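The letters A, B, C and D name the chains in turn, as written, and every chain counts its residues from 1.
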C-alpha cells in the first residue's frame, strides 16, 4: 500500500503542490497533460528526487528519506533506459545479480518473467536491436523480477505507435499481483487500465477516485483536458452529444476516423465536438442534443 | 497538373520503384508506413533529390532536371524548417524578397495569406517561440505565398498532438485552388482530406485512385497496413465486424476509447479487431459477423 | 562527495599558479619597452593575418565537409586534424624541411625563414584544424531541410548559402576565429625553429627568461595572459 | 564545386610537408643514438605518468561536472579549460614563478626544475583540459535515467558508478587518455623553461636543430611523427 501525504517539490520548471493520495493493491492511473509534473511525482516516489516537504509511506514504512536502492520499488522510465552495454538477459537479471542471488535462481526467475511477458526469444539480443515495444517489455521484466512493493510506470506508451501501444496495454493488464502507479497523458490508457484514477494538472492532483473521475470533471481546466465540450458553464462529453436533423448548429470541421466521424459544430457561439456515424459535410446544419451534462464548480 | 512517370530512386536506406501517377487540381494523399520512402518521393518532386530514372512533368513541362528554385513548387517539410534567424513575417516574405517583389506588394500578400491561415497575430514573433501548430501554419503560408503550381506536404501532423492535428487538418481543407500532394502514415488524414488516394509500401505505389482505395485493399500487405482483419484470405475492416451474442470468439483485449471500445477477439485461430459500444470484459465469449469482406489477390 | 577533493585539487593546481602570477606581475612598465611593443605587434598582426586566411579557406572547406560525401573524405578530415597531433617543434622541422627540400619552392625560404610570413605560415598550420572543425560543426548543425526550403522558394544554391546557411553559423565562425587565433599566438616550438625573428611575444618571453631570468619575463607573460583571458572570455 | 579548390589547398598545405618529411627521413640510424633513446624514454614515461595522474583526478572531476550543479561551477569549468588558452612559454613562466614565489613550496623547486617531475607537471598542466572534457562529455552522454533505474534495482550510488556509468564511457576515457598524452608529449615551450633536462624529444629536436642544423633533427622528428600518427589512428 502506498500513501503519499502532502508531497511538495519544485524541480526545474515543474512543481508538485501538496499532493496526497493512497493506493492499495490496484492499478492506479494518474492522468495529466505533458509538463504537468507527473514525472516529478514518480521520481519522488522512486527516491530519485528528494521532496521539499511531505511524506511517502510504503506498506506502513516511512520511506521519504530512504535512498532508491532501499525502497524496493519497480521503476520504468519513459525512455525505458535499458543498460546499453548489457544484453536483454543481463538487463533483466541485473537486480538479482546486485542482490547476489545464486545463478540457478537468477536463471529460473529470468525465464519465468520472460515467459510471462512473452520475450523469451529476445533474451540473447543486444538492447540496441530491440524495437520500442520490445524495449518496453524488457524494462518491465527488469523491474518486475525483484517483486517490487509497487510498480511505477512513466508514460509507458508515449514513444510507440498505436499498434504497439495496444499490445503494451494488454501486457500491463496482466499485472495483478502488485499495486501499479502509471502516469500518462493518454485518456484511452486511463479508461482501459485504471482501477483508480487521478487527474493531475499544473502540479496539483485535482481529482482522485474510481473511474467516475473521468466522467465528472470538477472544473473547467479538468473538463477541457478530458476533452469535454463546455457549453454555458456545463461540461458535456463528446460521446454524450447526439447529432440529429435540425438547424441549431453548423458543421465546421469533420475528421473521419473510419468507424465514426468526429464533427465540430458551431453551436451557440462555441464549437461543440461530437461523434457520429452519419454522412455529413462541412457547412451542413444539424440539430444537437445533450444526453448528459456535468455542472462545473468554477 | 502533376504527372510522375516511372520514377525510381535509391537514397540512403530508401527506394522508389517505378512510381507513376497523375494528379489534377485536387487534394491527393499518399498513405504509407514510416520508412516506406514517402519523403524521397516528395524530395524528388521538389527537386531536392535527383531521380535515378523516370520523368516528372508539371503543367506540361518536363521538370525532371530543373533545380528546385526553377520549379515553382511549395514544399513544407516534416519538421517545418522555418528559418530560425528570421521572424514570422520575414519567413513568409522570404520567397517574394528573393523574387525582388516590391515592398508594398510583399506587405499586402503577407497580410492576405496570414489572414487566410489565421496567423496575423504571429507576424512579429520569433519562430523559436511558436508552438508546433503555429510553426506548421507559418510554413504553409511561406510556401503558399508564391502561388506554387503544386503544394507538397510531408507528414504535416506527425509532430503535433491530436488537438492541433485536427485544427491543422481543418486549415488544409481550405486549400482548394491548387493541387496538393500530401504524404502521411495517418489513416484519418487520408480519409478526411484525400480526394485522390495512393497507398505506398516499400517504395512502391501499390494502389492509386479515389477514396475507395481505402476500402478495397488489393493485397495482404496493404490490408494489414490499413488495419484490416485478415480472415481466411479475406480482408475485413474492423468497422465491418459486428459483435453479437454468441460463443464463436473470446475477447482477449479491450481498449476503451470513450465513445466506443476496440476489442480484440480470438476467432478461428486469429485475432479479429472490432469496434463496439457494448460493455464487454476480457474472457467474455461473443458472436462475430462480417458485414463486408474484400477478396485479396495474394 | 569525497569526489570533490579531486576536482578541487585539479582546480587549485591550475588556478593558484595563474592567480599568483596575475597578482605579482612584476614591473609592468617593462611592457612599454620598444622590443616588447614590437613583439606584441608582430604576434597580433601575424595572428590576424593567419586567422583571416584560415577563415577564407575554412568556410568553403567546412561547408564541403558538412554537406558532401566523396571519396577519401575521412582521410582528408584526418589530415586536416593532424596539426593538432604533431609535436610543436616537429611542426617547425616539417615546414622547414619541405621548403628547403623542394627545389621549385626553395625561393620561398627567404620570405619565410626568420620572416613575418614564416610566423603566419606556422600560425596557419596549427590553427587550421580549429577553424575547419568549428565551421564544419556549424554547418552540420544547420538542418538541411532549411536549405532545401530556401531553394524551393526561389533562391539558388549560392544565394541560399549566403542568405540562410552562413548567418546561421555566426557563432561557430566566431569561435573558429578565436580558437585558431589563440592557438596561433600561443605557439613557440615551431616558431623558434622557423622564425626566431621578428620576435613574437612567446619567443621574447623565452629569450628574456634565458638571458635575464624569471623576473624579466614575468611582466610580458602577464600581458600575454591578459590577452588570452580576454579571447577566452569572448569565446564563452 | 569551385569550393573544392579551397579544401584541396588546405589539404595540400598540411599534407605535402608531412608526406615529404616521412618520405625523406634522413639517417634513421640516428634514432639508436643513446641520447635520442633516452629522450624518447623520458618523453614517453613522463607522458604515461602525467596521463595516469590526469586520469585518476579526471574521472571524479568529470563525473561531478556532468552530474552536479554547484556555485561557481562554470567558473571552475573555465579555469580547468584555461591551460588550452595560455601560450606555451607563458605556462612555463607561470609554473616556475609560483614554485619560487611561495615560500612554503619553494623546496619543490629542486624536484621540478630540470627534473623528470618538472616534465610531468607541465604535461599534466597542459593535458588536464583534454582529459576532463572528454570524461565530462562522456558522463553527460550517459542518460541519467539509466543510473536511476540501476539504483531502484538495488545498486548503491557507488556501485552504479562502477557497474553502469564507468563502463559506458570507455571510449571517452580512451580518447581522454590519448588526447592528454599527445598534448603532453607535444609540449616544448614550457619544457624549455622548466625542465630543459632531462631532455624530452621535442627539446632534443630543437637543440639538434640549433646546434647541427635541419638534417640532424629530421630523423628524430620522423620518429616523433610516427608516434603521433599511431596515437591519432587509435583515436579515430
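Brief remarks follow.
Operating definition for what follows: a residue touches a chain if its C-beta (ideal position, glycine included) is under 8 Å from a C-beta of that chain, and two chains touch if they have at least 3 such contacts.
This structure is a prediction, so every number in the text was calculated from the model and none was measured.
Counted as hops between touching chains, the shortest connection from chain B to chain D is 2. Distances between chain centres, each the mean of the C-alpha atoms, put A farthest from chain C. Distance from the chain A centre to the chain C centre is 54 Å, each centre being the mean of its Cα atoms. Measuring from the averaged C-alpha position of chain C to that of chain D gives a distance of 17 Å.
Distance between chain A and chain B, defined via averaged C-alpha coordinates, is recorded as 29 Å. Residues of chain B in contact with two or more other chains: none. Interchain contacts close the chains into one ring where each touches exactly two others, per the touch definition above. Here the chains touching each other pair up as A-B, A-D, B-C, C-D. Those residues of chain A that touch chain D in the complex are listed here as 43, 46-48, 67-69, 71, 73-75, 77-79, 81-85, 94-95, 98-99, 139, 142-143, 146.
Residues of chain C that touch chain D in their complex: 3-7, 9-11, 13-18, 20-21, 24, 56-61, 63-65, 74, 76, 78-83, 85-90, 92-98, 100-102, 124-125, 128, 132, 182, 185-189, 192-193, 201-203, 205-206, 209, 214, 217-218, 221, 224-225, 228-229, 231-232, 236. Chain contact summary for the complex, chain B toward chain A: residues 166, 169-170, 173, 187-188, 191-192, 227, 237-239, 252-260, 262, 264, 275, 282. The touching residues of chain D, when paired with chain A in their complex, are 143, 145-146, 148-157, 159, 163-164, 167-168.
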